Every structure is written in structure tokens, then in C-alpha cells.
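I have placed the structure first, in the form of C-alpha cells, so that the comments after it can refer back to it.
Order of writing sets the chain letters: A, B, C and D. Residues in each chain are counted from 1.
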Amino acid sequence: MTRAGLILAVCGLALAVPAGVFGEGPALAGGWLAAMVFCLGLSLGALGLGHIHALTGGRWGERLQPPLRALAMGLPVALLLSLPLVLVPGALFPWTAPAETLPEVVRAKLPYLNLPFLYARAALCAVAWLILALRFATGARGGAESVVSLIVLALTVSVFDIDWLMAPEPEFYSTIHPLIAMATMMTGALAAGLIALDRRGLETERKDDLGKLAFGFLLLWAYLHYMQWLIVWSSDLPHEIHWYLDRARHGWGWLLGAGLVLNIGAGVALAWRSVRLRRFGAVAALLLAGQGADVAWRVLPAMPGPGWAQAGAAALALGLWLAALGLLRRREARHA
Amino acid sequence: MTADPRPALMAAFPDEHALCAAARALAGRPGMDAFTPYPVEGLAETLGMRRTRLPLAMLAGGMAGAVFVYALILYSVTIAYPINVGGRGLNAWPAYLMLAFEGGILGAALAGGFGLFRANGLPQLHDPVFATPGFTFARGGGFWLLVPLGGDTADALRARLTDLGGERVEEVPQ
Amino acid sequence: MPQIFPEAANGIARLVLWAALVAVLGLVALSVLLPRSDMFTGQDRILAQPVPFSHQHHAGGLGIDCRYCHAAVEQSAFAGMPPTETCMTCHSQLWTRAEMLDPVRQSLATGTPLRWNRVHDLADYVYFNHGAHVSNGVGCTTCHGAVDEMPLMRQAAPLTMEWCLDCHRDPAPNLRPPEAVFATDWRRGSEAEQAALMGRYDIHPETMTDCNVCHR
Amino acid sequence: MADIPERPPVMRGHPGTREISGRIASIVLKGQMPRFFWLAFLAAFLLVLVLFTTVAWLITQGVGTYGINIPVAWGTMLSNFVWWVGIGHAGTLISAVLLLFRQDWRASVNRFAEAMTLFAVAMAALFPILHLGRPWFFYWLLPLPNTHMHWPQWRSPLVWDFAAIATYGTVSLLFWYIGLVPDLAVLRDRAKNRAAQLFYGILALGWRGSAFHWARFDAVYYLLAVLATPLVVSVHSIVSLDFTYGMAPGYHSTIFPPYFVAGALYSGFAMVLTIAIPLRRLFRVEDLITKRHIDNGAKIMIAAGLIVAYGYAAEFFFAWYSGNPAERMMAWQRLVGPYAPFFWVMLACNVGVLQLLWFRRVRLWMPALFVISLLINLGMWLERYVIVVTGPSTGFLPAAWGTQSLQWVDFGVFFGTLGAFFALMFLFLRILPAITIFEVGELADERREA
């Protein structure tokens, strides 16, 4: 894991350095943000899944707990790696421009969209998540804590989604948007957990159950996306439909297509019993890749280009995160 | 599906385990059936049932429903009466998917429901099994095994069933 | 336990189920066929009128032009019904004592118009304009049928929306040159002639099925 | 209250299959319903008469009689519709989703929850038809080759509604009937008089519990549950699209689909508890519908209620965050405008009263829970009413603001359908087994062995 992460990071660096040299620095911020949203999302999704299981019980979650804990432990790493983003708000948020240059609607939002308040919210979320992750990693503490944790997660993830995924396009707003982020986080975390479980070997019955569960989460994710698309498409309001137009033009349609192929492929494979059971790890990887593509598709088109520079920064951040996670795990193994 | 005309015996067992054990012991005889107050897992396979194709029928029904609805919509918006709504194309698939989905669910459910009754040969209001002395579906605890005589004599089979734990062995009236 | 149902019950049950299926299909078929029947559309129905006026005699036999009585048909949405005086232009001289014409004389004496019963009655939510049709080459008999052969007026066409749409989608075959609009003996020309009329009247069928053409 | 076990069992004691089938069947077959049953039925029936009268008035006098007016062209017919559909969803959730999650506690409540679904959907279907103004033309919504040569407007959520409710009703009926067949066979074989034998015999279709039949039954029943789950979600999502497709402030919000689904489950479970709590006591089936069922229902209400509360918060936050003056004004008018009393009572019921359910003692104290479930039913009705009327009443142009006033017709139709619903429920309790005999029997046998 460490080696794979380092290789990825080096490849990313090979793209990112020229980007920086040729004055495409702002593009790096977008790529970095996408990677961080994905990595943070895996940890947050793991927290969500773990606490839901603590409340509902069921055999599906017992085997899943260790990989979920490991993912949750990745949270401090991801937070640490996100710090550079705080330094380049101008590249991420158009509303940092002088107020008189902004459209009237955006000016009306400035009491919320301003850097001091944004940083305060981010810090609050980070602290809450650190507490949640540390407590989760050291074992479950019963229903009451899980309830509180889930409520805190729902609220903080909503704030996070609005601040870092929606605010880059300040004229756009959609009330279902944070729920889509939650669904991606949990689906991605489940997929990552399943990959880890498959490496350690898993009995057929569990594979069957967990595969169905992953299918259920994928359906939930697809449902939320479809509802937002249907409503925005039907109304065709300028401040909404541009979210989709921007994500279908300038080559981003290819990313959308790739995400659709990956996720639909994962869905078909998960619904198909024999494929689900025989190629369990591969199907889970497909699902994770699909959810990753979805994160990239939601984040990147709002950011300054070009795409290759964004990809470089994303690969660098993802690689560093993977490598750090691998080191953490190795240290833990040595302690155990 | 009509009632099996072969002469047969029915034996009552005290519980599902005794019934399953007896069914396993007699497995392979043609035309066996069992009657239980609730579903008993694996019993039908023991009695030689092949995997039911009803799920496939439901899949086909679902596909047919969805395709039919979408085709109907396409026909009506492109051939029967094309109307420009809000400048979107005539084939406004984001909206039509919703209806195709409902059509698919309806098709699958109808295929499953009616397929179930058809595969089970219901309604079958009159059946020789009902007239077997002592048989009733009502009193919980009635676990019955129906075994056609095949080559055996009635007495031999009766003895065999009693050996297997049958508490009561009756002839199925013709 | 004794049988509750006799052996025949199985057959009866199946019969009932098949009958139910047939009934459902029949209901669908009925719902498609019935609204198109004369009973629902009122096609060919003859309504009682205060005076049994014969278009056959007046328009066919005597050759009176449609516009002699329906004077507003070229300009107005409503074709116009003749005032009693129009009838009296002749009937003050002819058939002055005919019992049949009593209501007409009564109407003239009292000043109350005759109350004809409307034969071609469209739904209230339909906006129909005679003038638009007549001045664009749609002849009277196209919709009202061979009026000159009707002793008593009847509804010649089904007047359903699909009937309207038939022509709105493809008006060419029903267009006439302006001079033939009121003719009762007009014959359709060649396909090329008919198509040429579309240009002459500047008709664009692609907008003629928009909702607001007829529903305003 | 001190003797409550940590986790109450799904079934108290060890009743045998024979005993259970006898007890449940005798409720129906003996037919000696207690006096209160008939009194309650009479009351419900009187409300049905009110329904008939009001509907006759509504049809002859026109839809204006129930207080709608431009700009608020949607009134209680729409909020009642949403309320009733939502109530139906809890039944499907209990019968289908819990089956998929192999929750054994569903067995003794699923049958009456499914009946509740059917009757609630039937009541719901009435409202859009009454709202048409010319209800006798409702068949124009069917895709028949009619003489107008036009087809339903497939892009419209109102047409989807028709399709979704029709599909939902059909699938629910099928699911319910398939599950009923074995129990009808039990009644047939226990019935003493000829009429009952014939009645239940015909409905039971000659079910005799063949192993082959059971195997197919299991396969199809499970798959129907698999189908029913996304169906429920789609139905209420479509209901919510009726609103989001409209541009009125307060209508056009993308969170509506999931938020409406959660609201449906919330109000639906409130109704399940409203019925189950008196039912288990009056019919003495406390050992079959145990406090565990009630407790689980209350917990699901907490979860659904919290999602609904999240929805309220999201609506208000985004109304402000949108920067759109019309959205902001609409949200403000909800707090202080003409419908503010409805809004605050709604908030008190749906978010305030809900918090009591955190306490186990409250969840297991039946009278309190009963009152809470009634209040949440009320709160959820108000929620739908507030959503339906506030949006258009304070639209984009202040010059075009207006209100819907509640008239006696609003209440007549609503309470009339309540009466019809309960009259149908009473009929159902009288002639069909309200608790699934074969599944509870299976559960009993498993417990005896364990």
C-alpha cells in the first residue's frame, strides 16, 4: 500500500510540477480538493456505516468493523493533507473576489460565504470528526453514543458539503446535495471495506449479504442523483441547470460517462449473484472506482483547469494519503 | 395441473423434522408431496422439485412491462401526437424513466403473482387430498407426507411409513 | 375431512377466471370503440326543429347560396343564423298559409327569433372559427357533408378531436380554390393541385396541432 | 414499570401453533365481537355518510367550496392525499423491508399493516380525483386510444402519480392476497358453517400447504418484497415531485423526494401505533403484538422524525442561503405569516413531541405512546398542509398573494375518509385474520424448539 501510494504520488508530482511551472497553479488546488473530498469521505463514510451498524445490529457489520476502523483512522491523515487548501481560497472560491464584482445573489450570501466564518466552520467540523474517529477507532460504546455520532456526522457533513463542494459555484444551491455526498461517502467506504475483507478471505454467505448491502447503497446513491437531475432538468432554471451543463461540456462529459459505466457495471455485477460471489474483490474495486469518479465529476468541473494539472494534483494527494495510511497500518501491525 | 390419479397413502408426522427425515428416506419415489402448515426449508428439494423458474418469469414480466410502457410513450410522443414541451426533445427520457420503472414493477409483480397461482395449479378447490381422513390444513402441527404406491402394496408402504414415524397413515381417496 | 367443493368446482373456477379476463379485455375494447360510435359522437343524428327546414330543397333544389342565410360565415367565428326576415323574403309570397310555417310567421309577428336546435355542437372548450376555415379554402360540405342532399339537417361528421386533427395535420386534400368553397359539387383535384393550394393559402400544418390553436 | 426486560421478546410465553391458529381464527369465525367494536364501527359508518354528503356537495357545487382560490389552487385535497399515501407506506415497510432484513418481529403486525396500506391508498386515490373538479373524467388519465387522439402528458408528475398509485395499489393488493391465501385455508378448514366454508374456501383457492406450493410461494413472496421496497420509495418521491416540478417558492426543493419518503414512514408508523396499541389490548393479543413491536415502531419513528427535522432545517437554511428574495420571504412568512400557527403546532408535534421517545419508559408506556402517535399524525397532516398552501400563497409577486381558507368541506371530506378507513379496518378485522397465522405459527414452533 505504501509503495503503491508513493508510485502514484511520484506520477502525480511529474504532472503537478510542470503545471506549477507553467502557471497552472490554481488547477492544482482543484485536483487536490477532489482527492481530499474522496479520502475524507471514505473515513466519514466508515464512521457513518459503523455507527449505523452499532444501532441496527446484524451480521453484516461484524466482519466489517475492523476495516471500517482502519478507514476511520485515516481521517487525521486526510485532515492534515487538506491543510494546504486553506492557503489558496482564491483558487477555489469565486466569492473571495471584491464584493462589488459579484452578482447580486452572491452578495446576498456573503454573511455566510466569507473566509473567517468558513475557516471557523471547517475547524469545528475537523475537531468534531477527530473526536468521533478516535472514539470509534477504540471501540463501540453503545447506542446513545452512536445516535449522537450520527446526528453530529449528518450536520457536519452537510456543512462540509455546502462549504467545499457547493460554495465553489456560489449561485448554485440544491437541498439534496449534502445527501448525495453522504451516500457517496458510505458507498465508497463500504466498497473499500469490502476490498479489504476480500483480501483476508470471506465466507460465501457473508459475501452474498454484503454484496446485496453494497447494491442497496449504490441504489440509494443513484436514486439521490437521479432525483436531483430530474428536478433540475424539469425546471431548467439558469442557476441550477448550469451545474449540469458545466459538467457535460469541455470534456467533462467523458468523466460523467466513465463514472456511469463504472457504477452501472458495479451495479450489474452486484445484482448478479454468481459474479458477486466469484469476483467479489474486483466488483468492490469497480464500485470504489465508480464512486471516486463521481466525486471527481462533482468537484472538478467547478474548478479552474486544465484537467491534466488537476489529475496530477489529485494523484499526488491520493498517493500521499495511501502511503501514509500504509505506514500507519504497518506501525499498528508492529505494535500488535 | 390436475390431481395425481395414482393410488397413494398419506402419513401424518408429529413435526417437521420427522417429516423431513421420512421424505429423505423415501426420496426418489415419483409423485410424492408433503403438506405443512408453514413453509419448511428444503422439503421441496427433497421431494424432487426443480428450481422454480418463477424469478425468471418475474424478470421477463418486469422487462416486458418497462419496455411496453416506454414504447407506448415513444409511440404517443413521436407518432401519435408530437408536442413541443419547453423546448426539450420529444424523447424526454429523464421523465419517462419514471413511468418505465413503474411499468416494470407492475409487470414483474403481475407475472409473479399470476405465475405463482398458475404454477401451483390454483385454484384447485376440489382435490383428493382434502378428502383424506384426518387431513386438514387448519390444526397447526399437521405435517403430512403423500406417497404414491408405485410398485408397493398398500400394506407394505403403510408399514414403511409407520416405521419412519408416521403417527397415522391413511389412504388418499380416488 | 369431507370435500367442501364438488369436483366440478375446479372447472367452474377456471371458467370464472377466464371470463374475468375476457371481461377486462372487453371493457378495454368497449372503451376504445364506444366513444367512436354514433351514439356518443351524435353523427347522423337528426334533431327536432321548430320548422322542418329542408336544405335539400333550398340549397340543392333552388340553388340558394349558403351565404344567403349564413351571412357571417366568411368573416365571423359563428356562421350566423338567418333572421326571420330572411325567410320572409320569399315566404311572405310563397306558402303564406302553410301550417308548417306557422312558427316563422309567429316569430315575425312577436319579434322573437326562431329557436333552432344546434346540430353541429362542439364542446365549450373548443374555439372554432368559421371565417378562418372558409377564407383558407375549407369548403362547407367538407365538414357539414352533402347538405344539398339532406331533407333534414343532420351531423355529417363525428366532430371528435381526432377528426379535427386528421385535417389539421394534413389539410392539403381538403383545400379548395376560393371560388369553390361554397360549391356543393366540388371534386378534389390532382395531388399537385392540392399541394399548390397549401402555398396559395400560406398554410403551415406544423403549427396547426398546437394546443392553443383550438383551446384558448 | 420496573419489570420491563432489557429487550422485550417478540412473543411472550410458548404458545403452540395449534393454539395460535385457533385463537386468531376464532376472532373471525366465532364473530362475537365485543360491543365497543360495533359502536366504533357505527361511528365510523356515520362518518362515511358524512363523506358521501360532502362529496356530493363538492361535486355539485364545484371545487371552490373547499376554500381554494387562485393563487392557492391546491388545498386540503392535496395535503390529505399526501397524508394518506404516507400512511400507506409504513405498511409496506413493515411487510416488505422487514422481510428483506429477516426481522422476525414483523410476523404479527404485517397483515394489518398491509391492510392499512391498502385502505390508506384507496382513501388517498380519492382526493386527486375529487380535486379534478370534473371527477367523472378521471379516466382521461388512462393511456387509452381516446377520440381526442392525445395521450396523458407523460412528462407530468401528476400522471406519474396516477401510474404510481395504481401500481402501488395493485402490487400491495397482490402481496397482501398472496400472503392471505394460506390463512384463508386455515379459516376454511376451521369453519363450521357451510357459508363460511364456501366463502373462505373460494378465496383460499384450494390451498393445502403442499411443499411444492410453499417453495414457489416463498420465492415469489420474497421477490415481491424486493419489488415493493423501491416501489414505495418511488411512489412518495413522485408525490414530492408534484411539488418540486412547480416553481413556487417552497415547492422547488431538491431534497423533497427523500424527505417526503422519510415523512411518509414517520406518519405511517404513527398510524401503525395508533391502531396497534388499542388493537392488542382490545383483542387480548398482547403476547403476539408485544411491547417489542411497539418499541421498534417507536424507534423507527425517531429515525424517520430526525430525517424530517433535517429536512425542515435544510429548507430554512437553503431558503436563506439561496440569496433569492422570494425564497427568503416565503420562509419568513412560514414563521410569521397567516399559516404560522399551523407551522408552529406542526413543529411542536413533529420535532418537539418526538423527543419524548428517546426515553425507554415513554416508549413502553402505552397510553403516552398512543397520545404521542396521535399528535404526530396531527403534526404530519399539518406539515403537508403547510407545504401545500404556503408556497403558492406567498409566491414571487406580492401583488398575487392570497390564502386558502379551511371550510367545512375540507373537514367533511377528511374526517369522512378517516371514517371510511376505519370502517374498512373494522370490516377487515371482522372477516379476515388480522395476524398472520402461518408465520406466527412457524415462529412459535421455532421458539418452542429453541
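Everything below uses one rule, namely that a contact is a pair of C-beta atoms (placed from the backbone, for glycine too) under 8 Å apart; a residue touches a chain by one contact, two chains touch by 3 or more.
Small disclaimer: the values here were computed from a predicted structure and weren't measured.
Participant: Farthest from chain C in C-alpha centre terms, which chain would that be?
Facilitator: When every chain centre is compared against chain C, the largest gap points to A.
Participant: Counting in whole Å, what is the centre-to-centre distance of chain A and chain C, each centre being its mean C-alpha position?
Facilitator: Once rounded, the distance between the two centres reads 67 Å.
Participant: Using mean CA coordinates as chain centres, what's the gap between chain A and chain B in Å?
Facilitator: Here chain A and chain B have centroids separated by 46 Å.
Participant: Approximately how many whole Å separate the CA-defined centres of chain A and chain D?
Facilitator: That pair's centroid distance is 36 Å.
Participant: Hey, how far is the Cα centre of chain C from the one of chain D, in Å?
Facilitator: Here chain C and chain D have centroids separated by 50 Å.
Participant: Mind pulling the residue numbers of chain A that touch at least two other chains?
Facilitator: In chain A, the residues touching two or more other chains are 230, 234.
Participant: Which residues belonging to chain B are in contact with no fewer than two other chains?
Facilitator: Residues 81, 95, 98, 123-126, 130, 136 of chain B touch two or more partner chains.
Participant: Multi-chain contacts in chain D: which residues touch at least two other chains?
Facilitator: Within chain D, residues 149-150, 155, 188-189, 201-202, 205-206, 230 contact more than one other chain.
Participant: I'd like to see which chains touch which, written out pair by pair.
Facilitator: After working through each pair, the chains in contact turn out to be A-B, A-D, B-C, B-D, C-D.
Participant: Where on chain A does chain D make contact in their complex?
Facilitator: Touching chain D from chain A are residues 58, 104-109, 112, 151, 154, 158, 162, 173-179, 219, 223-224, 227-228, 230-232, 234-235, 237.
Participant: Quick one: which bits of chain C touch chain B in the complex? Just the residue numbers, please.
Facilitator: Contacts found on chain C: 1-10, 13-14, 17, 165, 209-211.
Participant: Please name which positions on chain B make contact with chain D in the complex.
Facilitator: For this pair, the touching residues of chain B are 15-16, 33-40, 43-45, 47, 49, 52, 54-55, 58, 62, 72-73, 76-77, 80-81, 85, 88, 92, 95-96, 98-99, 101-103, 105-106, 108-110, 112-113, 115-117, 119-120, 122-127, 129-130, 136-141.
Participant: Residues of chain B touching chain A in their complex?
Facilitator: My answer: residues 86, 94-95, 97-98.
Participant: Help me check something: in the complex, which residues belonging to chain B touch chain C?
Facilitator: Those in contact with chain C are residues 2, 81, 83, 123-126, 130-136.
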